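Down below are the structures I want you to see.
Two complexes come next, and they have one chain in common, subunit A, joined by subunit B in the first and subunit C in the second.
Presenting the complex of A and B:
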């Protein structure tokens, strides 16, 4: 601890960026060397990691546990579906815009009500809101396809109309990687900005932050909205990968997994949620291949989760927290 | 008109079962400051234990008792192994831990009993005619029994020696400890009682719609809603709120499908949080 803070800030930052470049480099070459199954797996980790990172803005930096991120994720999916089904020819940028608008709209709605409550009450109210969206999507069959969801085709990958091509798994991986890296850098910048500092001060001591004169509620609303937008972005990516939107992804289970990713990987690190998603998905993959276990992989995973909460509350990357936020 | 009366009866019966679930949850919350995410899953597990006992012995009342005792023991073990180490930590960690417990219980139930619906036979036979409809007696019996159990809990808290221990711990944990009350034991006991209440309500609810491994989440959510609407940690408030919300849902089911009627309780929750965050059925705090 003292050793870390004794190191000059510049070398610490340099070490951080070198590590960052290495990880991004590895992820860039990943689709070229991995077999198709693991290639798809890597893309999925990035998408779920992005969703978990969006939730980290609330859990790790503002001190609010959201159990409703499935709503933003799911609305991102359905927003993308709406764009891809109604506009011909399907356009990637419109899918992104529609998805972000849907998720952002839901986030404004949830934020307005839920941020009036603190701690446990906030967690419950986000859960209840996500269930409202779930019930609406599940029962409004004419528009959302109800239980069956919606299927659609993948749009072409086009960047500013300059160049256009069909998505291959490899280019899709790179596309996701680009979105994730940019999102990560943006969120990292936000958490280090004066705005992010206020969020962290809310986490540490809300009454004092209020007493200093910050409009805490407004900061929380913006935090929830930001978080919802990035969750929606993850939803759009997931919809593009799988070419469908289904009510299952609006259901509470997804929100629960997001919280698990955060706790396992390390809250308040932004990178931790990615590590948590990778850890969880790898665990699931390897456990579900064992005989007898298959779909019951959540029993051992749940037990590992509980043990981690008790003995490793900082998560896998918690020991790096200070460096990752430097 | 007669439809409204039938739905009123329906809402009251559902409300009593929900009140029993919520009173366990609110007891645990009020005393230990723990939001038990696994409450509905303990209920589900209790219902399965009950269904198994009914399957073997055919005796419903024995099943009710066995389920309550088994789940109470399980609850005590859970509290000792997962929640006791978290005392003094951020209250949010207890939500996460009980959420983990909920996952494990759910998948365990799926593994043990499979995804199909189990039926528990009606303990009280017979119907009575209510307008155009045959209304089964056991539903009435269930509501009355739930009422009796809740009253029993209330009397125990009010006059029982251990009930007084529990209330003392709620008011001031440190002072209670100084007076010689074994606070850790009280915590474990309260969690066990709450779990037993959940299990018993699971067995009571069993004959209504059968027992499935996914019923837990639904109950957790509904119990949360009524506990917040009634004022967190307030026993009488959550009972009134259970009945209130169930009645509203029943009336809504006249107009829309039951799946959509759930939204009514969500709306009640949102309105409560907006205009009266301390709860609908508690006196205004000074």
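Presenting the complex of A and C:
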């Protein structure tokens, strides 16, 4: 099973922050050295990693598997779309607020009902709720654009009205990186806080957590809400990057990929999901480029996934779990 | 949601059982059950049980397998809802409250089958339990920043004889140590009534002695209900013993009276 970590020696904490600074440094210079395609790809990995990390709050820390994260992600996208299409001039902060409110609202709704169920029943109910959102978005063509989705322009990057400029791919990458780093630090702190320790206690032994005085359902509802908010944030970023919102991203396949990112990268580590997203997307990208594989590229992806589950059940960064949670 | 504020002033780091107080049985009962009944279909696992436990008492509950002892505990701690009857704790009817609410009324229990957080450290097992009374919704500070909780947890670990094992995973402890950790978790919720479900089950003779001493020490400030199969343990510890048989109270009295009771001998002691 996973472990709630013990107090680490100081040197470990220092090692952690050095590694953290190095990774952030590499991601900072990435857009300056990468060709345009891979630059865009790096930004996308950060966004999918943020989505996967939001899901890790539930999978890795609370022990609840959500198959509904496509709904929170998608509502973040459509929330951003609503702000960018209805308010002139398009505002970045409004896109963020609308997206977070939409995703957070959906998360409260889903959490209220789904947290009454446990284990596989929780997973199925989140799947069902996300499909309900999918059907609504797919069929309500007048508002959501139905199958075609919505397209819109990118807002300008403005800081407190003092300075404003158009996004370039490079500044957009930095913007995403800043949002992701802050989100990671916030979520990391939450998972280490007294509240986060209660979530981990629920994962380890739910009846016992109840017996020592914790109203478990309330903690689960708040965990789903937090998770949904960060998933919605990822949705807003994705909408901003691609200048569209499409129903495909609300479909449950996206939720499945999010779970795969977690399993591949290492659940309960927060950085594992980023590694998982990077690994999976790079794998898929490179395999789909092999000429004779073409549209069959998903077969080797699946085989590699199965091999990883057998030989690396903790995921790429699972072996670091205790250190990362210190 | 506002963080839970402790109702009484806490002195982190001081052992609540280190005071050299003599146990005093006061007249007002801390716990009363009135015609408590739990039915599973046609079977009354607990049938019309009326008992009264005084403050500061150690009450032994014995009976053959299937007599309803664990069901009785499950009822007291909210795991099961009684079919009928009342459970009055500190003058308040708590029957049917959920487990977390009952824990907050200051009733704690240990389990017959060890029930800890196996993947957490020993310290974390107790820390999370003492955290349940304070700071438990706070999200923005590291849990180790709350020194009061950690001091309390360490004091309790010292008390149950697990100092020095704090950073070990609970799953790596020996069976006997896990049983004592179990009691430590219960103590960390600062109970007034502690229900111990076979605390010495599976322990060696030496471990059993240590646990009996531990129960005596903590009993100075607590009321204890103890289900135990080891007759020597329960006869030595309990002030009063209640004998359950087929979910009903068969006899109640001092250990010597129970040992001499022919009906008890018939159903229990001689089998």
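Basically, the second predicted complex is superposed on the first by the 318 of 326 C-alpha atoms of A that agree within 3 Å, B and C clash if a C-alpha of one lies under 4 Å from a C-alpha of the other, contacts with A are read in each partner's own complex, and residues count from 1 in each chain.
In the analysis below, contacts are C-beta pairs under 8 Å (C-beta built on N, C-alpha and C of every residue); 3 or more make two chains touch, one makes a residue touch a chain.
If you're wondering where the values come from, they're calculated on a predicted model, not measured in any experiment.
Participant: Can A:296 be said to touch subunit B (first), subunit C (second), both, or neither?
Facilitator: First partner only, subunit B.
Participant: Does the superposition put A:190 against subunit B (first), subunit C (second), both, or neither?
Facilitator: In the superposition, A:190 contacts subunit C only.
Participant: Report for A:200: first if it touches subunit B alone, second if subunit C alone, otherwise both or neither.
Facilitator: So A:200 only meets subunit C here.
Participant: Check whether A:310 is in contact with subunit B, with subunit C, with both or with neither, and answer first, second, both or neither.
Facilitator: First partner only, subunit B.
Participant: Hey, what residues of subunit A end up touching subunit B and subunit C alike?
Facilitator: Common to the two interfaces on subunit A: nothing.
Participant: Under the definition above, what is the set of subunit C residues touching subunit A in their complex?
Facilitator: 1, 77, 79, 98-101, 103-104, 108-109, 115-121, 123-124, 127-129, 131-133, 135-144, 146, 149, 166-167, 169, 171, 185-186, 188-189
Participant: In the complex, go through subunit A and note every residue touching subunit C.
Facilitator: Going through subunit A, the ones touching subunit C are 1-7, 189-190, 192-198, 200-201, 204-205, 207-216, 218.
Participant: Can you list the residues on subunit B that touch subunit A in the complex?
Facilitator: 35, 82, 85-86, 89, 91-93, 95-97, 99-101, 103-104, 106-108, 110-111, 217, 221, 224-225, 228, 232, 257, 259-260, 262-263, 266, 269-270, 273-274, 277
Participant: Across the complex, what residues on subunit A touch subunit B?
Facilitator: 65, 113, 116-117, 119-121, 123-125, 127-129, 131-132, 135-136, 138-139, 252, 256, 259-260, 263, 295-296, 298-299, 301-303, 305-306, 309-310, 313
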